[in-house]
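Each of the next two complexes has chain A plus one more chain, namely chain B in the first and chain C in the second.
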Partner chain A sequence: MPSATLLGQSLLSGVFIGALYGLLGLGLSLSWGYLRLINLAHFALAFLAAYLTYQLVDVGDWHPVAALAAIVPAFFVLGVAMQVFVHRFAIGEFASLLVTFGVTVIIESLIQWIWTADFRRLQLDHGALSWRLGPLFIPIVEAAMLLVTLALTCGTWAMLRFTYIGKAMRASAEDPDMAAAFGVDHRRLALLLSGLAAAFAGVAGAFIALIYTLFPAQIFTWVGVIFAVVILGGLGNPLGALIAGLVVGVSESLTMALTEPAWAPLVSFSLLIFVLVLRPDRI
Partner chain B sequence: MARDCRHTVAGTSRSLRLALAGLALAALVLVPTWRTDAAPSGQPVRIGSTLALTGPLAATSLIHKIVGEIYVERLNKKDGLLGRPVEWVLKDDQSKADLARTLYEQLVTVDKVDLIIGPYATGGILSAMSVAQRYNKILIHHTFGIPTLAKYEMHFPAWSLGPTPEQTFPNTLFDALANSAKPPKTVAIVTSKFPSVHFMSVGARETAKKRGLQEVLWLEWEFGNRDFGPIASRVKDANPDFLWIGAIGLEGVMLLDAAKKIDYVPPGHFHLYPAPGPTAKAPEAKGALAATIFEQHPPFTNNPVAAEFVKEFNERAAKAGLPDNSVETQAAASFVAWQLLEAAVTATKSLDDKALGQWLKTNRVDTIIGRLRFDGANNYGDDLMRVKQLQDGKWVVVWPREYAAPGARLMMQ
Partner chain C sequence: MHRPVKAAAFALVILALAAVPALRPPAFYESFLFLVYLWVALATSWAILSGFSGYFSFGHGAFYGAGVYTTATLASRFDVPVAWTWLAAGVAAAILGLVVGAVVFRVRRLRGELFALLTLAVTFVVATVVLNTRIDGGPGVFLAGVDAPRIYGSASGSLYVFALAIAAATLAVAWLVQYSRLGRGLFAISDDEDVAETMGVPTYRFKLAALGVSCFLAGVAGGIHAVFVGYVTVAETFSLTVPLFVVLMSVLGGARHWLGPCLGAAFIVALNYAFVGGDWAVVGRAIIGATLILVILFLPHGLVGTAVSAWRRAHPAKAAPAAGTASMPAPARSEAARQPVMLRCENVHLSFRGVRALAGVTMEVQGGEILGLVGPNGSGKSTLVNVISGYYRPQAGRVLLGDDDLLTKGGHRIASLGVARTYQIPRPFSRLTVAENVALAAMFGAARLDRISAWHESGRWLAFVGLAERHAALPSQLNLHQRKFLELARALAARPRLILLDEVLSGLTPSETAHALELIRSIRAGGATIVFIEHNMRAVLEISDRLVVLNHGEVIAEGEPRAVIREPEVVTAYLGSAHA
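Entry: the complex of A and B
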């Protein structure tokens, strides 16, 4: 019988990794839901940001917050540039899957060329520090990631729901012609959204660098679970992505705590199949 | 004057004789040097192989690439092979075993290489072995992890594990622990399901039981696992005296990192195939034990060939931007593979696969990791695996004692 501490600690662990799933899924969900762009390059951008964080913090001796402050605007611009490219060549939803896969391979090669294929790991003095809460431990970096994810998710949700830009984005996604008739500039909104999605990838990448070990081929190990999270959460739904991320993360963690850790990867896909059988309209 | 003159002539003649003797001596000394430095000529001997230059195994493959380049350059600086220059035809198998099979087929049938040498990692080697078998080529390979799967009679492993490493190596490790200041009584065995790792962990489990160690935890995770938090919590709950981590790459460090975040440090921990450089830099990995066949310290570097290789590899690896420039299992096994190939070709004066295979089966070859033989089950000889430990940020062999770094001994927390 597992102890209460083991269960509690595993639950916390699931919440933290679930938050990262939600953060990675946020940008992907927005671009898929509102731009009809299945952006596989989102993962490559996240890992590019992770390597840049590693470079700035480990080699350049920057503070992680300073690295994040530099990466986020740079990735916003990168996202805007990608959308210009997509628009220029009129890339459709399914073609985007192929094109962005190509971009992912290029970015992976670029990362391997610059940082080699070897493992890279940020060693921060306070990286492994935790707060103690009774018998439980709360790792500081993971807690910060959870707070940032909550802030970005709720902020994006509020922006989409309450602001003129958000409403215009939703209208444009639902019926672009009708939205255009009401003066919504779909192209400008797409640039903004693409920039935001890439910036979110930048934030996720910075946390990946702070928490995980980096190697170029790792880009692809996150694809399956994040796609599951995005579909479970509903396309273009920031809160849905976060909730789905937390559900998948916690389910995986509890599976690891209670049964064989090797069964954990089955969880996200079993949940996905279950939801798709019940609600096929989610994709 | 005449006397002076005679004296001068006599003196000159003696000087001349001395000079001639000196020249003869110099010739004796210099001729062999000149002969070994002779540029090889003629059609190149083409040796084909693939390596995982991209994909998840690329980090380690880069080591094999550097070693191969060093060795081929060394060969060509000397007499090549059979007096002919050596050309290494290297292709990228992208870490995919199926692609490795296609590329080896291509190397034999399209590129028509004279000899082949193994790719990196067990899956790729197994694929290459099936091609070698189809065309009756010998296959010398670097790091094949599951000897029972290597059934081909003309494969030759440079990583000398012995035919049953899943039994012999855990015994070596538990011998080392039994001889330490704090022999463990309980053990937790947690492992990745990466095939060559899992196979060793299963063996460790059986060995531990046979030796009377109490197993308090057995866990498996899928290769590529991201979240080690729950696994660390379960290890903490089990509270073993010793933790066997069937880890590849940095999985072990990720587990220790997760353990540190819940204020837990296992008393002793072993990592099967860690990434040595990044592991050495991780503070939580202090005292980690691992398996090795070579470390760049005496007695290994007492061998002048090894010492020279270590120097050259350190420089080349630094230039290539590898985070760890030291020679350990991967680089050493890679070098040994080339040593075996050179030894067989030189001894038989032939590129005929059958002749080379026959020679390797019936002879012992001196290499930088020791004397190798291939007359055991599945062409495996002795298990030359040793136990190393991370001490003061450096890996040093601690067991068996005759291979331990000067002054090094196993430290238990």
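Entry: the complex of A and C
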């Protein structure tokens, strides 16, 4: 049995990785729930943002916050452009999975071409900084990510719940034709939503660059877990994605602490399979 | 070309390819062709379930990987002869597939995306288990000294032949499946699974069978590949490469045709080889990605699918099914004297989350009659039809057809007992031709004909409803009136005892209505019993022997039509109560 400190520390790291799961899942969940678009390219976008952050901060010597400020609007525009493309070709739910896989492969090739397949690690002065809380260490970057994730998730939730735009989005996800008959412009909402989802991918990517070592093949290692999180949380449900992310993250890191680290993936996927088989109407 | 000729040509090509190692080509060509065969086997085996039935599996890597590790473990640790490990690899993969399928296919209203993600999750679970147990344990498994049985002098030449053999076997199986009952059923499932089940296709068993066959072949291919590479790791085996490549290859070539994945596989492997090394490999991957996007956008049916439909357009003169007698087909059974009771619904209750759709319906259908089932919108008529045909399962009550309780049986069993239905909004199988739609009903309904007889049968029923000219059309090329009659022909071709007609007349012009009523009368004359749901009250009165009136999920009146419609409760249900 590991010590209480070790358990506490792994609980904490579970919360942080869970927040990242939630952040990555947020954009995916929005576009799947509201646009009926299974956007595999979401991961590729996140890693593109991660590499751009690396480039700006490490090579260009920018402050990480400045890099984030540049990346988010750029990715919003990218997301809008993607939605224009999806709309132009009337890509359906299943076709979107395959098309965005193609996009993913292209972006992966692009990344590999520019930054090669070598490992890239951002060297930050404050990257290693952490607060001490009793016997536990709280890394600052991870804590910032947790806060940002909380803010974005709650903000999105509030937008969907209380604003006119959010209500229109929900109406249009429920029944696009009926919503259109009531004057909801589904196309413009879709552009906004897709832009938001891509911007979230940008934020997630910036944090990935600050926390992890980058290499192109990593794009695919996240796919399974994040899909599990999105489905567990319920499509189009921002709070659900965050909670599911935290549950998966914490249970994974506890599994790692209590058994072999390599058993961790079993947790999220067993959870996913159980939920899908027992409650298939969630999706 | 006739089938034996095609089969002989296929065998000749395979034999010619099998002779290649005898020419001692450079090793590069041998391993290139080996990879082509491997991917042909994987992509084609994937298509047997996923391409034909439309359930895209993203878990092919798990089944291939099960084969890889079965062979690796048995051959390296237990010294089992390699050929036997290949058989075991297929069996292990098939068992894994059947277990997964038995669980997953029980999920009601399983959607395609859900299936894709579930199978993907299975891949990760299998990978984790293999990685953490003695099967692998982490460092990977060496197949040192493991050698394929020698056919040629060289080990690589022998492996080449085995890879060719599994590719050829997979293609042959896919070909046989495509033109078999199983294949017909799978195509119907991919177009509209609920309708397929209602028409008598045992959808659960068919999906499971296709999955089992598909996994077996993938497992054997995995076992052969394990010997080829000589060193297997979890990261390589269970990577996303396998599921994504097989999907890509099949979609590119055309997943609904046995030849499609084969062409796609050859193309992609060749493309991969064209860009070997350094920066070119990156370009090659980007081109593969771009190809996928372009194919989905512009050739959604793949190369073979597009070619086949173009060829069909150019050669429309495909033999029509024999028309038979256009006036009245031979009776489905001898003119049944009125049996007392053919179908009995006893106290059927069905609620949807608190909305009571059927609140204790008790009614009888007598043999040989035309029973009019009427009631205002939302009174539960179509729900009742859905219960009788097995689509909904009520919370309480019994539905007896003769002595059989239909509620204990799946939809396809009900169809084979002789119940057929039409849909209010026609639901033809959209990618099958008009004649194929009808033939499918004849193959799987109570009639249970073989493919050839079903084909001829379809001609007869198409002539009966006046659609013989349109036999080669796709349902989307028909107008509403023709699609309604296609529904009717499909129901009749099953040779049912009991036909449930759900608003066949709605949307028809008066002259079309008259034609339809004439047909319905002659169907009854042929011996079938008819439940006739309709809003057109004049037509109901004209044709029904008896009337049952539903309102709010309850039977409020039944009996002689003209008497029933004068009952005050019926008038109230339709017109509201008088306040004066």
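One rule holds in what follows: the second predicted complex is superposed on the first by the 283 of 283 C-alpha atoms of A that agree within 3 Å, B and C clash if a C-alpha of one lies under 4 Å from a C-alpha of the other, contacts with A are read in each partner's own complex, and residues count from 1 in each chain.
Please note the rule applied: contacts are C-beta pairs under 8 Å (C-beta built on N, C-alpha and C of every residue); 3 or more make two chains touch, one makes a residue touch a chain.
Predicted, not measured: the structure shown is a model, and the values here were computed from it.
K.L.:
After lining both complexes up on chain A, report clash or fit for chain B versus chain C.
P.N.:
By the criteria stated at the top, chain C and chain B clash after superposition.
K.L.:
Looking at the overlay, what does A:T104 touch: chain B (first), chain C (second), both, or neither?
P.N.:
The second partner, chain C, only.
K.L.:
Who does A:A262 touch here: chain B (first), chain C (second), both, or neither?
P.N.:
both
K.L.:
Once chain A of both complexes is superposed, is A:A168 in touch with chain B (first), chain C (second), both, or neither?
P.N.:
In the superposed model, A:A168 contacts neither chain B nor chain C.
K.L.:
Touch test for A:Q112: chain B only (first), chain C only (second), both, or neither?
P.N.:
both
K.L.:
May I ask you to decide whether A:P139 touches chain B, chain C, both, or neither, giving the answer as first, second, both or neither?
P.N.:
Touch status of A:P139: first partner only.
K.L.:
Of the partners chain B and chain C, which touch A:L272 in the superposed model: first, second, both, neither?
P.N.:
A:L272 contacts chain C only, not chain B.
K.L.:
Could you list which residues of chain A make contact with chain B in one structure and with chain C in the other?
P.N.:
Of chain A, residues 109, 112, 260, 262, 264-265 contact chain B in one complex and chain C in the other.
K.L.:
Any idea which chain A residues touch chain C in the complex?
P.N.:
For this pair, the touching residues of chain A are 38, 89, 91, 93-95, 97-99, 101-106, 108-110, 112-113, 220, 223-224, 227-228, 231, 260, 262-266, 269-270, 272-273, 276-277, 280-281, 283.
K.L.:
Which of the residues in chain C end up touching chain A in this complex?
P.N.:
56, 103-104, 106-114, 116-118, 120-122, 124-125, 127-129, 131-132, 138, 239-240, 244, 247-248, 251, 279, 282-283, 285-286, 288-293, 296-297, 300
K.L.:
Show which residues of chain B lie in contact with chain A when the two form their complex.
P.N.:
Result: residues 54-56, 58-59, 61-62, 95, 193, 219-222, 224-227, 229-231, 233-234, 236-237, 249-250, 253-254, 257-258, 260-263, 275, 277-278, 281-284, 320-324 of chain B touch chain A.
K.L.:
Note which residues of chain A are touching chain B in the complex, please.
P.N.:
That would be residues 2-3, 5-6, 9-10, 12-14, 16-17, 109, 112, 115-121, 123, 128, 130, 132, 137, 139, 142, 212-213, 215-218, 221-222, 249, 252-254, 256-257, 260-262, 264-265 of chain A.
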